[in-house]
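For reference, the structures are reproduced in the following blocks.
What follows is chain A paired twice: with chain B in the first complex and chain C in the second.
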Partner chain A sequence: METNQTSLPMKILVALLFLFLLAPVILVVPISFSGEQILSFPPQSWSLRWYIALAQNSAIISAFWTSLMLGAIVTVLSLAAAIPAAYVIVRMRTMGSGFLYNLFTAPLLLPTIVLGLAILIVFASAGFLGSFWGLVIGHLVITLPYALRVLATTLGNLPLACEEAASTLGGRPFTVFRRVTLPMMAPGIVAATALCFLVSFDEVVITLFLTGPRLTTLPVELFHHVESRADPLVASVSVLLILLTLGVVMIVDRTVGLSKTFVK
Partner chain B sequence: MMHQKILSGTLTALTDRDAHLRLDGLTKRYGDTDAVAALNLNVPKGELVALLGPSGCGKTTTLRMIAGLITPSGGRIVVGGSDITRMPVYKRDMGLVFQSYALFPHMTVAKNVAFGLEMRGVPKPEIERRVTEALAMVRLESLAGRKPRELSGGQQQRVALARALVIRPSILLLDEPLSNLDAKLRDEMRNEIRDIQQKLGITAVFVTHDQVEALSMCDKVVVMKGGKLEQVGTPVDVYERPETPFVASFVGRTNRLEGAARGDGTVSVGGATLRVPGRPNGPVEIMMRPHRVRLADVDASPAGEGTNRLDGRLTRVTFVGDLLQYHVDVNGAELIVEAASDHGRFFRAVGTPVTLSWRIEDTMVFRRAA
Partner chain C sequence: MSVAVAESVIPVPRPALGRVGTATLLLLPIALVNAVGFLLPVLNLLRMSFNEALSGGGIRETFTLANWVGLAGDSFYLELILNSVVVSLTITALTLVLSYPIALYLHRSSGRWRTFLTVLVISPLLTSAVVRTYGWIALLADQGPITSAIAALGFAPPRLMFNTTGVVIGLVEILMPYMILSLLAGFGRLDPRVEEAAMTLGARPVKTFWRVVLPLTLPGIALGCLLCFVLAVSSFITPKLLGGGRVFLLATEIYDQAIVTLNWPLASTLSILVLVIFGAALAVYARILRAID
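After this line comes the complex of A and B, so read on.
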């Protein structure tokens, strides 16, 4: 807000709205420092015992590393596929461009549960269940449409004239792409990276179908944990995840600006 | 004038033996329509040629075909004797200045200018020297480290010009380079571009829809309409001796009257008789420039030798600052007379009967379909 002319009732309303949206997230913080055995608010006593328990819980830690690796690999692969795809669809307009774009972004419209079931059926017969690369492929189905959509929009908004100028100056097609198109797409690439990683890191539905006893991701592990026990351990995990997300958001904000990246 | 031509639709091409750029029947077809239809044009070395016409006349399409950004449907493009029609854009050695400037937003001014040299594998020290030189030419040395978004429109335009010229292109192509600038800056840039072009002696093609730019900057003006050449000539040629009514009305302002020529150098217009250069016959249209027509009180004495005269009534006077425009009703046709404004004083009040007069040689006459 550039002019500070918001009226007081409006300010109070906005504050209440934010409080409502953030309340669950805020509540998690004191609960994570609880000294109790059971999830409760407010906690009767304070301690760091659930953070210590977390540090000793090898299942959650290994699930975290799986999720982190999975997110990183899925993000890299998504970008590697979506950047050329966006270029072909937007810049080399052919008859099938519109069709291809709709086909590739279609998974966004399908209910994830349907996708999960479909992938389960295919993977079960292919013997991909419970394997890391099976998870990678499953997550790609979800993240690729996001990456493609963000990158195609970014590219579509770039003026063609800059690339034309580069080619008249002697740039061969790939050089023009590398020196001009790609750098100009940077904000879109940062946005797609953040989006792919967060979507993969957060994905539960498809992952539930594909994980097995020996391989699980953090969200699925937490889901199972809450099913069997009601201790404040999940709260301390949540606090750490909130910090991680804040970290990603701050990096995006510092590099290209948050509103420029996600709001358009 | 003696060589007043009475023809329309004749395609004229310059025949110059040392043409640097030659277009041979250049054609671009989109579906059933020809955006550019069998264009023939020769541009001699070192000349600045304007492609002038209304939007949709094919001038930008022609320029983009020369640059290699559009593939022609037919015809040839020859530069310095070699056919480049099928040569990919990055091998063509053209310096193109875009209407939107098209500077690379993520590179500094110096990096923008250096881009073409890097593509050519020019050694680093020479790149530095030539970039400095090019920026000095457009008076932007001090801004070498800035990003394009930190520059004004005029400065961005000059960077675009330096970027196109630093590669020493065989032809400089300018696509409406001044249309995004405000009026005062446009005048400055007009002179600056012309000076640089002359200093380097570079062959240049300038696309514009603005007749003032075409007339004031260029050695030759190519007037286009509907994908075809209307007339090619010096600025004085196309202004003073337009070959078609379209050229007459697009380049400069005109008054238009319809009449019937008698074949003896006279034309009957309404009830009056006008004398015209040459001896046309049949239905014609007559045009004259508003500033070549004089306004006087009604005079019963016969018209002087070499002068045409029409009587009318003053219907409106418009003050345009440096000019006064008098609208005169002549038997239902509205003619406009332009005169230098003298402190905003009007010649006569609206409604006054007046006489218009102009020299016979200032009368342009074109055959008209009956």
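After this line comes the complex of A and C, so read on.
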């Protein structure tokens, strides 16, 4: 059964369905080179005017830097909190580690619209709304479960032998962790880094509840832009975003293999 | 015996703090975020649904069932809830129909081709929902490519945007990767030799599909449908943008009540309702799984 015994009509059907699936993502590329004033497809004329407009749009550029900074800080903090947590839950097996794992990954079970509202209400009375660190906490709520899940799986699949050998040979626990366990976890750490960054960088719903008039992230700025105007500006941003995502994904693919990271 | 000894030498930190102390210290950061950003807000949300909303966004701390009773007696909200469930079920069914052939094809392909197609399936997941919805706005707009094509064929051009049709089209496409991946996960039971056996014994392709392939893939179908339904009921970005404020669903209403009307008790009540619908979907899923086995 090595050859794919699929009939021609079925092949055409699958090709059409793939076209449907990829249409909106592919479409933004030609639209971003539109010379029109408003969003239309196919454009009547071509130009780079929307890339130039993007370079001159200070609101989107500052939102981009906010998102980049937020993503970087959230990713670093996620790893800093999730690596020790994964170690305790998988290796130390203190009582209730199963319960703790479920509790710490539970935020992923809630829809972001509910989580966003819940955080909004609490943060509003604490005065965290529209603040950068409020956003950091809001994003950590959903990046931490992803990081913990990836890291706990990685750690669980590692053979104990090396750590035992190091320990038997007199390595102190922290030394064993730093010199043996941590390097062996590297693929999982790369995957968790990429995942946390992409999740934070793409997050819209929770962020919509927490941003204020003076602080906004790129996806939220784009959301408001699409909500109020239909012009090709968002397409040029989208093309750059897709390239950025592609870059991150390729780094992950080169280091650990894509399917291992995202399909699992 | 030596193995048993080795097990006990697993690196267990034994500094001054002791084992439990170290564990607590290491878990502190994640526990703190979980408490401040998840447990406390969710419990507070539950509490908020029993508070009284005053006009102008005020809230009176009390314990009333008024929000819940109000929902049950308001035809606008009853219709909204029913509409959300029906639209989500429609989206789930369409997503299944459009994803199944892709998943089956992927399952049957191998090697680099399969990897390439899998990447194509995953890639939309890595693209922001805002970007994909924006792409659909370009495609479905009045005088856009699709309406123009329909008009060129001599039919009256339909409205595909700022109504439920647009929301359904956009969400089906956005949810397809989830469905395809769930189906693939469930296709493990589908051995090509079983199909071959059925064909050898004289079953025609259509019959083989209905009697052999489909029953074997039911667990994957159930999982994919659960996931898509849950994601559709709670989706916000696509209904908001493709619905243009004219499509009223649970998630968009939660947002409007929270941000525009500032009626937090009602928004909280609707949120809890979404969670109740989640629970119901999960219960149905469990029943279906039991029925399949």
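Keep this in mind: the second predicted complex is superposed on the first by the 243 of 264 C-alpha atoms of A that agree within 3 Å, B and C clash if a C-alpha of one lies under 4 Å from a C-alpha of the other, contacts with A are read in each partner's own complex, and residues count from 1 in each chain.
In this text, a residue touches a chain if its C-beta (ideal position, glycine included) is under 8 Å from a C-beta of that chain, and two chains touch if they have at least 3 such contacts.
All values derive from a computational prediction rather than experimental measurement.
Novice: Please indicate which partner A:L8 is in contact with in the superposed arrangement: first for chain B, second for chain C, both, or neither.
Specialist: The answer is neither, since A:L8 touches no partner chain.
Novice: Check the residue A:A186 against both partner chains and state whether it touches chain B (first), chain C (second), both, or neither.
Specialist: First partner only.
Novice: Mind telling me which of the two, chain B or chain C, contacts the most residues of chain A?
Specialist: Of chain B and chain C, more residues of chain A lie in contact with C.
Novice: Regarding the shared-chain residue A:E164, is it in contact with chain B (first), chain C (second), both, or neither?
Specialist: After superposing on A, A:E164 lies in contact with both chain B and chain C.
Novice: Which partner does A:L243 contact after superposing on A: first (chain B), second (chain C), both, neither?
Specialist: neither
Novice: Looking at chain A, which of its residues have contacts with both chain B and chain C?
Specialist: Residues 164, 166-168, 171, 173, 176, which sit in both footprints.
Novice: Considering the complex alone, what residue numbers of chain A touch chain C?
Specialist: Going through chain A, the ones touching chain C are 1-2, 4-6, 10-11, 13-14, 17-18, 20-25, 27-28, 31, 39-42, 77, 80-82, 84-85, 87-88, 91-92, 94, 100, 103-104, 106-107, 110-115, 117-122, 137-138, 140-141, 144, 148, 160, 163-164, 166-168, 171, 173-174, 176-177, 181, 198, 202, 204-205, 208-209, 219, 222-223, 226-227, 230, 234-235, 238, 241-242, 245, 249, 258-259, 262-263.
Novice: List the residues on chain C that touch chain A in their complex, please.
Specialist: Those residues of chain C that touch chain A are 6-7, 9-15, 19-20, 22-23, 26-27, 29-31, 33-34, 36-38, 40-42, 44-45, 48, 98-99, 101-102, 105, 108-110, 115, 117-139, 141, 143-145, 173, 176-177, 181, 192-193, 196, 230-231, 233-234, 236-237, 240-241, 251, 254-255, 258-259, 264, 267-268, 271, 274-275, 278.
Novice: Which residues of chain A touch chain B in their complex?
Specialist: 159, 161-162, 164-173, 175-176, 179-180, 183-184, 186
Novice: List the residues on chain B that touch chain A in their complex, please.
Specialist: Listed in rising order, the residues of chain B that touch chain A are 67-69, 89-96, 98, 100, 102-106, 115-116, 119-120, 160, 163-164, 167.
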